Structures are given as C-alpha cells and as structure tokens.
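There are two complexes below, and they share subunit A, which is joined by subunit B in the first and by subunit C in the second.
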Partner chain A sequence: MLQPALPPPIRETGFAFWLKRNLFSNWWNSLISLASLVIIVYTLISLLRWMVFEAHWEIVWQNLRLFATYRYPTELLWRPMSCVALILFLFGLSAGVGKGGIGQIVFKAFYWLMGFCLAITLISLFLFPSVRWLWLIAIIAGFAGYSLAKFWPNVAMYLSILWGLSWFVCLFLMLGFSGESGPMQYVSPGMWGGIQLTFFLSVTGIALAFPLGIALALGRQSKLPAIKYFCITYIEIIRGAPLITWLFTASLLLPLFLGGIRPEALIRAQVAIILFAAAYMAENVRGGLQAIPKGQREAAHALGLTPWDSMRLIVLPQALRAVIPAIVGLFIGLFKDTSLVTIVGLHDLFAVVLGVANQPEAKQIPGGIVRELFIVMSLFYWFFCYRMSVASKQLEKELGLGTR
Partner chain B sequence: MAVKPSQELVPWYRNVKTIAIVAQLVFVALIILLVTILVLNVMKGVKTLGVNTGFGFLNNRAGFPISESVIPYSEDNTYVRALIVGILNTLKVALLGIVLATLLGISVALMRLSNNWVLRQISTIYIETVRNIPLVVQIFFFATVLFIPNLPSGVAALRLGNLYLNNSSGLITPWPYFSNNFWLWLPWLAIALALAIAAHIFRNRHLKKIERPGNPLWLSLPVFLLVAVIGYLIALAGSKYPEHLTVSADVDRGRVFSFIDENANGVFDQNAEKIAAKVPVLLEFDELTLEVNPQRRTEQKANIRSAFAFPRLKKNEYGEVEHQFVNADKTSDLRLHFFEFPSYGVVYKDQNGNGRFDAGENVPEGEDGYEGKDYSLQMIVKGFKRRVVTDNYGETRSLSVETATEPKLTLLGASPMVMSYPYFPTERTQIAGGTIFTIPYLALLFALTFYTASFIAEIVRGAILSVAKGQTEAAKALGLSSGQTFNLVVFPQALRIITPPLISQYLNLTKNSSLGIFAAYQEFYAVSSIVNNQSGAAMPVFVILIGGYMVISLTFSFALNWYNAKNQLVER
Partner chain C sequence: MSDAAIKNVRADAPVGGSRIIEIEELNKWYGEFHVLRNINLSVNKGEVVVVIGPSGSGKSTLIRCINRLEEHQKGKITVDNIELTDDVRNIDKIRRETGMVFQSFNLFPHLSVMENVTLAPIRVRKMKKSEAEQKAMYYLEKVKIPEQAQKYPGQLSGGQQQRVAIARALTMEPKVMLFDEPTSALDPEVVGEVLEVMVNLAKEGMTMIVVTHEMGFAREVGDRVVFMDAGQVVEVGTPEHFFVNPQEERTKSFLSKIL
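Our next item is the complex of A and B:
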C-alpha cells in the first residue's frame, strides 16, 4: 500500500531562515533584536556625524609626532625610524622562513604589522614630509626581509641571534653616543616618549623578565628549602601588590639602595617592570613545568642525562613551548600596563595624550579634544592588543592546548 | 646475601647531600651579602638624601584633605588615620566593583551564548574591545571624556526622585546612618543572624534528606528579615535622645547645630560638651528670603546665559513662593523663565514679544553684570519646612537666608537608624544630606567593573561550554525545562571551573583599584604617595604600602580559596 507523500521539509537554509533563527525566533527575541538594532544604528549615526562634522582632528594630526616619539629631536628621527626598519626587516625574515602552523601565525602577525605601517606611510606621504621617505624605507625593509628569507631559508638558524642583537642595535641607535651635535649625538632617555617608549618598555620588560622568570620558576620547584622559600617569598610579595606601587618604590627607593645615585627615570621604571613581570613569568613557567609528565624526567635519568641536562634538553623546551600563549598574554598585559609609567614622570603614549589634552590650543576648543584623543589612543592600544590576543589564541590551537 | 654499600664510594664533593647543603649555604651567603650591601647603601643614602626612616612620623598631623572618606577625617587627624581612610576607600571601590563585575560578567557571558545574533555580536564586540584597551585609558574615558563634560553641573543636576547626578558632586542618594540608639537594635540583628544561619543549616539538611533541589536562602532570608524588622520596631519604641540634647539654629551661618548641653546654658562649650551627630531636625520658617545673582553661565545645548539657581526646594517644603528683581526699575525689561519651579530657570529679555523664552533671547552681557547693570533675584518663601539630619560634626549647613523671624526647630522622633535625604543649601554647587558617590569614585568603579567583567565573561563562557553536552541532553531527557537545566545541571558544574580563575580576577580588580589616582580618587596608593611627599619617609611608606596590599590580597585570597576548597568535588 502506498503511503501518502510526506510534505517537503521545512527550509533550513537561506537568508530568511537565518533571520528567523537568529533574530526573530520568538516575540521577545524579536523585541530585543529590534530594540538593540535601533540603538546601535542611532549610536553609529551620531558617532559618524560627530566624527565627520564636529570633531577637531586637526589637533590630533598636528601632534602625531609627539604621540610617536615625544621630544625626540626632529632632525634625528631617522634613528628611531631605522629601528622600525630593522624590526620590520627581522619580522619579514621570520615570516619568510616560518613553516607550518606557527609560521602561518607569524606571517599573519607580519601581515597586520605591515598593514599598520603602510597606513602610517600613506598618512605621512601626504601630511608629514619629514618622515615620509623614512617610512617608505621601513616598508621596503620589511618586504626585503621577507623576500630574502624566501631566497635564503638558512637564515632561520641565525634568527634568534639576530633578534637578540637587534635589541642592542636599537638601544644604541636611539641613545647614540657622546656629543652635543652631529648625527649620532647623545639623546637622553628623558627625551624619549610616546609610542616609542611604550614599545621599548614592554619589549625590554618581557625580554629580560624571561630568563629571570625561568630561574624563579626553577627555584620554586627546587628541593633546596633556602632557594625554594626565597623564590616563593619573592614571587608572592611581588604579585601581592600592584605594578603602580612597584613603580613608585623603584622611583623612590632605588636611589636609596644604590647609595644616593639617582638613575634615569627610564631605568628605574624599567627595573620595576622587569622585576614585576618576572614574578608573573615565573608562575606561567611553573604551570608549564608542572604540565610535563614525571615520566619524561625519569626517562632522561634512565638515559644517563644529568639533572641539569634533562632540565635543559628535555623538560624546559617542552614546558616553554606549552606556555608561549601565556607569555603572549603576559606581554599584552605588560603592553597595557606601561601606560602607568606616567606616575614616575615618563612620557609614554598615555602621558603624551594627557599633555596634549591640556595644551592651551586644545583648551580653547569648546569641550576640549579629549574625545578625539581618546579615540586615537584607544585604537592604537586596541589594534596591537587585539592582534596579539588573536595570535595567542591561534598559537594555543596550534600547540594543541585547550583542545584536550 | 646483601652487599653492604661502601661508605667511601662517593667522595664528599660529589655527594648530593653535601652539594645541596653547600649550594644553599652559598645562596644564603650571597643573599646576606646583597642585603648587607643594600643596607649599607641605604644608610649612606639616608645621609646624602636626607630620608626619614622611622615610623614615628605616623602620629604627626596629616595636614592634607581627603576628598571622600568612609570614617570621619579632617586635616587635623594623624597620618595613620589618613592611611586607614585610604585603605577603606580601596575596599569601598573594590568590594562593590567585585559584585558589579560578577553580575555584568555573567550577563555578558549569557548574552554571548544566547541564540539571538544581535546580542551575541554586541557581547563579542564589548569583550574584544574592553579587554584590549588599558584600564588607565578607560578610567580616563569615564572621568574625563564621559562624565565631566556631559553631566550638568551644580543645581542643574539630573534628578530621579531623591537621586541627583551632576559633575561637581557625583551621584547623591538618600542614605541611612546609625544614630545613638543603634545599640538598641544591635542585639536583635545578632539574634536575627543567628536564627537565619540556624534556619539555613536546617533547611540545607532537610533538602538533602528529602533529596529535593532548592535554595535554603528562601527560608533563611525571610527569617532574618522578620526578626530584624520586629527588633527594629521594638528598638524604635525604646529609642530616646540623650539628656540635655540641644539643637540651635545659627541663621547667619545657615547652620543647625546639635550638642549635649550639660551645663544648660544654651551655648556649646567646646571644652566640656560633646557634639551630637545624626540628629534629625524639622526646620520651620514663617517667611524667608533667598537672594541670588544670575550667573554668567554657558550651557552647550540651549546656549543659556544668565541662568539662576536657588536652593532646590521640594513641593512639600514651601507654602507660597514669590519672585522679584532687586533694583527692578533699572531692569524692568527682564523676565523669568523657570525650567524647574521655583529653583532653576533663566533670566531673559523677550525680544520678539511673544511672552515666552526662546533660544537666543539671552540677556546681553556687559562690563558689570548684564548690560552693565547690577541686579539680583529674590525669592520669598512662606511656610517653609525642611527635614535635615546633622552630620558627623553635629551640624548641617541647611540654608543661609534673610529672615525676620527665628526658625522653629523640632526634634524628630529618636530611632535606631536615621534616613538622610539630599537637599540643596544655598551654595549652588554643593548638595548636603544623603551620601555622595563622587565622580572619581564612579569613574573608577565603572572602569574597574567594565574591564574586569570582560575577563569574567570569558571565564564564565568557557566554563559553561566545558560542561559536557551529554549533561544538557540527559537533563532534557529527564524532562527538565531549559531554565532548570541551566540552574540545576549546567551552572553548578560550571561554577567549580569558574571559581579559581574568578578569584584571581577579584584580586586583580582589587589591585587595579590603585589606578584610582588617574581619576583623582584617593585610595590607599594615592594617600600613601601624598604621605610620602609630605613626610619624606620613603622607607616606612614603602613598607606600609606593600604590606597593606599584601594583607588585602592575602585576606581575599584566603577567604575565596576557603570557599573554593569547600565547593570543589571531593576527588577519590
């Protein structure tokens, strides 16, 4: 006996179905959707109208150099710009030699960084004649690095050394050496500022905190009570108080501990940042160490490796690999937290923005220009932190963490 | 036969035990050496830099004001008290911030998991934006970009019932304070708490016995409220003011002052007598005159100049109100328009003769006042009555007025708690009564809440997603509704995963409150840095500052970890 034909299945694809399922599945969902859409559209329209017709972007444009490098002498801008070129070049090399999943992630980071720099290059081509060629050269350096790596993949072996060296080269370029004039005249760290300082503080902080953090993590795992409890005390005290108190401490007490010598504000802040980051780094590394099964160490022992070698060759490489995403997370935190150094009199991006907001020209505009400045500053921080957090998530996936 | 291991096999310098001891000795020696060098340097530095190292300075007069304080504080108090005020301010913002951030975080997580596309997108954008912008920048946003330029100032405050919001004071709300009769109620509160805990435990056991889901709070909370309310009523019946309580009005200074007049001479004797705080008083005038000069004010929206503002009067505070210009002959062409009768409005010139205030009909500004004329505006209020509560210093600045008759003062009935409502005295930018959540406090609270909530939302979302799908399906198969599935199956399991990272977020929030200095909120760090600047005692301030934060962090950490340990699964 023939069964009657079934009705056709309800359409489950297409735009109309998507709308129904995601926006209008029942009456209160429809209400929420419509209300929030109205609010969003209204907000966006008023924001756009303000941005196009009312905002005073000219003061932001005029002060872009302050945001980037603060009081760094204008005729010496080629020096920090060479640092940018060098870093883009090395990034290009790294992106070019990268293979597999992690290579993809490095390439994406490079891609976005180049995009950012390209945007700045375009802006400076039209608005800032003093740096337009420098930015063009930096971009070319990035592409050059990428192409070079494609022709000469062996460069991968030297990359870590090159990155290490680049820090010293950048420091040397930005500081210069003695002399009141000339192309390599000394520029005191007091003149550094803006985005340049934000990057310098956070990169140096994480780089130097890394070995210190590993040492502290190993010390905390040690069986020797003197070393173990020293490390625990250090880590817990540092983590118990906020960064701002350590910056305050460094700026007040470092001169005292050095017997009355007053180092530059930059050095005091940098020391505080490194010591602070090291404690958090130690906790991240400890997480990685604990994740390594005991069998690994026992196997190494059975193979006749000394404890030192088994740590160096077996445990640490695995542990550090596992904590890369956590370290990226720590770097994001540090990058955001460098905005606190204004408390010890340094002029990072946030401090420069506060300064510009209080300029007499800015004060003359009704309502000030705090909104414009806030948007520019937030976009800068957001762009870098967001790209890094995306990279961190991809790394986590790539390293097979979080899927177990 | 077992071979006896030789004692001589390992030379001492390769014996692991010896090496361990030597290594530790070397380490300790290095640490001692480092510390000695530092101490010597500090001693040298103390001489060259002239730094104070003792804790004795703490009992000196602080001499600086703190803009807001939970406990009474004045410049004449000691540094110790200033630091305590700082710690309390830190706790005040951190505790409320923790509660709000948790609520917001959970809501955003649920929004991100909802089946409404718009809500999902909004919450995703919120999380990815807020957590990638430094907290300092967000504090700057709330304080400098959002609140101060966009809120009305002074008496033009936004108003909702008894709530006021403006950019000079902040959010002003009615607030209950303890009075001298509070101790009558205290035992009842203790009994209520004890009974509630007993009921909670009993209900918990009962629920376990009958194997039913349910929240024991539905029994313990009503028990607590019932006993507390009955106790309050009994305490209210027994409340009375101390003997010799005197309230005097000082009309010229606009204040009402309450004190205990032991020698019954009607005047406060500073050496012998005590002030009496938190006394509610009814203030009555037959007729009083208030006078203001319209201010040169520019408000962006309507471009209003020459607005005036009297102390804000509520409808039940006056019988009859009359307005007039002083020097009326010179300014006869001026008119009044009220935005809010009878307190707030604008003085204008009716240039188009329609008898109404239109935008642009401002009074032209001259050299000396408006159009070179000096005039003021007077308000005569008849049958004025106002309920005021004296503050911690036994006084209230209520009105400064001109009046022919002295006011009539009536003590309102004594009670364990006193409710204080906000009102406007004559100084137009200040509000008295109630309690104030200042703009710096609100800016810091909002920034901390939004920033931390974005992290909490991700923690909660991850935890909810990590509960196995089979659990939901099993609950559905048992016939549980989706609400029950979430409340009884998914959330309790997610909570165990949420707790440890949540604890670290709470600690972060507490430590991040030290950024209050960027919103001019004076919490522990800000107060400490002022104390350091004034006393020059860097070493002791450092010890107190780090020690204080350690104590706060460790206390939070112990309390929360205790909760966590209690609620984790017992693993076998």
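Our next item is the complex of A and C:
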C-alpha cells in the first residue's frame, strides 16, 4: 500500500527561525532578549554620543608623534623610519620567497603589516608633512622587497643572516655614534620611547628568549648533573617572582653586582625581559619534548644519527610544533608585559600615554582624556596581539601534529 | 625462576659460515629483574634467525641490545668484528651497519616519506642529496610504494608505513636487519604485504634477526628458530625441527597455543 507523501518539514533555517529558536522560544526568553536589547542599544548610543560629541580626540591626534617615537629628535626621525623601511623590505623579501603553507602565513602577516603602514602613510600624506615622504619610502621598500624576491628567489638562502644583521643595523641607526650634532649624532636610549621602544623590547625579547629557552629546556634534560641542576634552579627561581621584581632587580641590584658599572636602563630592562621569558619558554618546550614518543628518538639512534642530530632534526621540530599555541601565548604576553618597563623609568607606549594624560593641557579638560588615550592604546595592542594569535592558529594548522 | 634453573642452550650459527653477530654470555637486568640470562647466540652472514617466545620473554630486549637501544650489563656482543662497548664510536659504527624495523613503525611524522628515507644517508653516510634520493627511490620501489614518496607518514596505511620503515633502514645499506615484531601492530589484511617484502629480502641474502609471531614466515624463510622463555634460550633448531618435532615441554606448550 502506498503511503501519501508527507508535507515538507517546517523551514528550520533563516534569520527569523534562528531568532525564534534562540531568543524568543518562550515568553521568559523573549523578555530577557528584549531587556538585553534595550541595554545594548542604550549603551551603544551613549558610547557613540561620547565618541562623536564629547571625546577629545584632537589631543590624541596632536600627540601621535610622541606615541610613536617619544622624544626622539624630530630632525632625526629619518633614522627610526629607515629601520621601518629596512624591516618592511626584509619582510617583503621573506613574503616573496615563501613557499607552501608557511609562505602563505608569512605573506598574510606581511599583507596585514603593509595594510597598517599604508593607513599611516595615507594619513601622513595629508596631515603630517614632516614624515610623509619617509612613510612613502618605507612602503615602497616593502613592495620592493616583495618584488625583488620574485625576481631573485635565491635570496631565501641569505634571509636569516639578513634578519640577524638588520637588528644591528637598526640599533646603529637608532643610536648613531658620538657627536653633538650632524645627521648621525648620538641619541641616548633614554630618548627612545613609545611604540618604537615597545617594538624594540618585544622583538629583541622574543628573538633572544626563544633560543635561550630551548637551550634551558635541553639543559634541564641533560645527563650532566651540573648543567641539569643549574637549569632547574634558574628556571624555578625566575618563575618564582613576577617580572616587575626582576625589572627592579636588574635596575637597582645589577649595578651592585657589577661593581658600580651601571648599564643603560634600556639594556637592564631588556636583559630582565629576556631572562624572564626564557624561563617560561623553557618550560613550554619541555612540555613539548615530553610529548614526543620514545620511539622517535630510538628510530633516530637506530639509523645512526648522533644524539645532537636526532634532537635537532627529529625531536625538537616535533616538540616545538606541539607547543606552538603555548609559545605564541608567551610571545603575546611578552609584547604586552613590556609596558611594565614604565616603572623603571623607560618610556614605552604605556608610559608615554600616561605622560600625555598628565599634560597640563589635558588636565584642563573636565574628566581628563585618559579614556580616549586608553581606547587608542588598547586598539594598538589588540591589533598586534590578535594578529599574532591568528598567525598562531595558521601555524598550528600547517605544522600541527594533529593534521599529519 | 631461580638462577639454578638457568639452562644454557647455545644458539650457535652453523660452522663454516662467516660470523657477523656474536653474542656471548649476555646478561641484562632491569633493576632486580633478570631479563636476559646467559644468552649465547651467533649469526652467519645471510642467515635468517627467527626469535619466538611468549611476551615478556626478553626477545625484543635481546635484539635491542644488538644496536644498543638497550644497554647490557654482562657479556659480549660483537657485530661485524666490532665489539659493542661504551665507546661511542663503536656504537655509531654498529648502528650504521644494522637496520632496525619497529613494531610501531616510528616514522618521523614531520618529514615526508622521501625525507624519512634520505635523512640518515645524507646525515650519517654524508651522501649527496641527489644520490640519496636515487637510492631511496630504488628501495621504495623494492617495497612497492615509490608513488608515495612525497606524502607524509600520517597519510599512509599501517602496512605502507611499515614498508617505508623497511625502506628507510635499507637505504643505509646495512649488513644486518633487525625486525622487532614488525607485523604485530598491523591490521590482519595488510600483514601479508609487509611479510612479502621481508621474504624477498631474505631470499636476496640479507642477514636478518626477526622477532615475530608469524610462524608462516618462520617456516618459509627461517634458517634457524630460537625459542626464548623467561629471558633464556630454551630451544634452537630448524623450522622443521620446531614445527614437527619440538623437544622441550615449554616449547611444545607454547607452539600448541599459537599454531
């Protein structure tokens, strides 16, 4: 016997259905939804009204140069801008030679960074004549790097050397050498600051804490008791106190240990950041090392690979892949934690923002301008942290052990 | 079992052949546990020795001692006239001449099949990359998966992975191949393809020590079968001897359970 065809099921997709199922499924849920809607709309309207009619964005606007480079002499701004150009150029080269999945990730990061810089360039073209040519050159350097890599892919071989060298070139450009005047006059690190300093501290911190952390993790697993216990002691002591303590220690106690020699505040803070991050890095890497099955090392040994080769080529690459999220998390933390150097007298972005908030002109405004400044600063931090987080997800997907 | 119960069955290779592995009075302990007791075993060039026995009898430990994945405490192991001592140079030399295939494959998951196979020739034998890749293709063809060279281990079936592992060991052109239960982790329907590769290898004259539960393999290509129990060699003989007329009670009861 043939059954009559059933009517089609009630439509279960579409916005209206979604609303009904999730927000208005019964009278009680409907009530909560409506109440929430009222609160959200009210908050948004208040926020928008404040942003459009009351906030004093012009103070943020007027101080952009301070946020970027603090008291770096205006006539020498071409020096930090050359560093930006150099970095964009190298980034362009890296993005241009990248192959496969990793290449894609580098390219996307480059794309975003160029977007960020392009936005600044467009703004300065119209509003900041003193730096507009410098920004334009930096952007062109980025494109030039990318195009050069397309014509000359063999540059890939020299990239790591070039990146390493660029750090010294940037340091040289920023510092200059002795002399009271002239284009290459000395600019003491005390004059550096703002975003420039934030980036310097975090990039150098990441670049040096990474290998140091790996070395500590390997040392902790060493068969030689002296090395092993040194690493354990180091890691546990460093992790036993907050970064702020170590910044103070480096600032106040280090000169005592060094017999009165007092390195630049910047160096002291940088060393504290590197040593601090390395201890955490070491523990992350150790977690990865322990996750690699014993059979991997055995297979490497059975093939005759030396212990160093089997660690370097077999165990470590897998261990690092296994802990990418933790490592990137650490880098994101380090990037934000550089704001703590404020308390040892350095002027990173956070310190400059506080300084601007306390300017007499700002104080005259009723309620101050802390809110405006903090919103802008948070957006800056958020943009770069979020971008790192995105890169981490992409890396994980590309290299993670799970997908292979 | 007390030490008084130790039998000392010698598993000597036939006289006249040229000895490649010589194990004398081998003893090993894991803490208090006496895992290998007075093992005497020698292997001639081109011989296929199959080691069987219940789990925990020390067969895997025995072959893992031969390339120093496990350290022995007493006795002497000589491979290709090199004595296995604490001297790292000797260990390296022996590992270069012995290939090993593991129960769980142990391919390197972050490297492609080709990179897995060429890694050791390039790093250890200092071969040129192109030469190593040529050699790798030769052995990948031998194990019948040249078309998988660019894939990653995770994309292959268990049987294919184990064949890659065999090719990886062979590309080092070792003098001896050690197989540690190579088919135990495989689905039944792919055991055959791995055994086929091993049979061909044996027929080509490779010296092999195979720890396995595959009695068909032992019967087809084994020159000698060594039965181990509780860390000692209980009985040694040709496959015919074992499967037709085993002497020891312990051997009989083991074979009756698995055949």
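Here is the rule we use: the second predicted complex is superposed on the first by the 384 of 404 C-alpha atoms of A that agree within 3 Å, B and C clash if a C-alpha of one lies under 4 Å from a C-alpha of the other, contacts with A are read in each partner's own complex, and residues count from 1 in each chain.
Throughout what follows, a contact is a pair of C-beta atoms (placed from the backbone, for glycine too) under 8 Å apart; a residue touches a chain by one contact, two chains touch by 3 or more.
The model shown is predicted, which means the values in this text are computed figures rather than measured ones.
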- Is A:Leu252 touching the first partner subunit B, the second partner subunit C, both, or neither of them? first
- Message: For A:Arg321 in the superposed arrangement: first (subunit B), second (subunit C), both or neither?
- Response: second
- Mind telling me which of the two, subunit B or subunit C, contacts the most residues of subunit A? B
- Query: Regarding the shared-chain residue A:Leu224, is it in contact with subunit B (first), subunit C (second), both, or neither?
  - Reply: first
- Query: In the superposed arrangement, which partner chain does A:Asp309 touch: subunit B (first), subunit C (second), both, or neither?
  - Reply: second
- Please indicate which partner A:Glu298 is in contact with in the superposed arrangement: first for subunit B, second for subunit C, both, or neither. second
- Query: Regarding the shared-chain residue A:Ser25, is it in contact with subunit B (first), subunit C (second), both, or neither?
  - Reply: first
- Task: Please identify the positions on subunit A that touch both subunit B and subunit C, taking each partner from its own complex.
- Result: none
- What part of subunit A is in contact with subunit B in the complex they form? 21-23, 25, 29, 32-33, 36-37, 40, 223-227, 230, 237, 239-242, 244-245, 248-249, 252-253, 255-260, 332, 336-337, 339-340, 343, 350, 354, 357, 366-368, 370-371, 374, 377-378, 381-382, 385-386, 389
- Can you list the subunit C residues touching subunit A in their complex? 67-69, 92, 95-96, 98-100, 102, 104, 106-110, 119-120, 123-124, 152-155, 165, 168-169, 172
- Task: State the interface residues of subunit A toward subunit C in the complex, per the touch definition above.
- Result: 293, 295-296, 298-306, 309, 313-314, 317-318, 321, 399, 401, 403-404
- Message: Per the contact definition, I'd like the list of subunit B residues that touch subunit A in the complex.
- Response: 20, 23-24, 27-28, 31, 38, 40-42, 44-46, 48-49, 51, 115-119, 122, 128-129, 131-137, 140-141, 144-145, 149, 300, 511-512, 514-515, 517, 525, 528-529, 532, 538-539, 542, 545-546, 549-550, 553-554
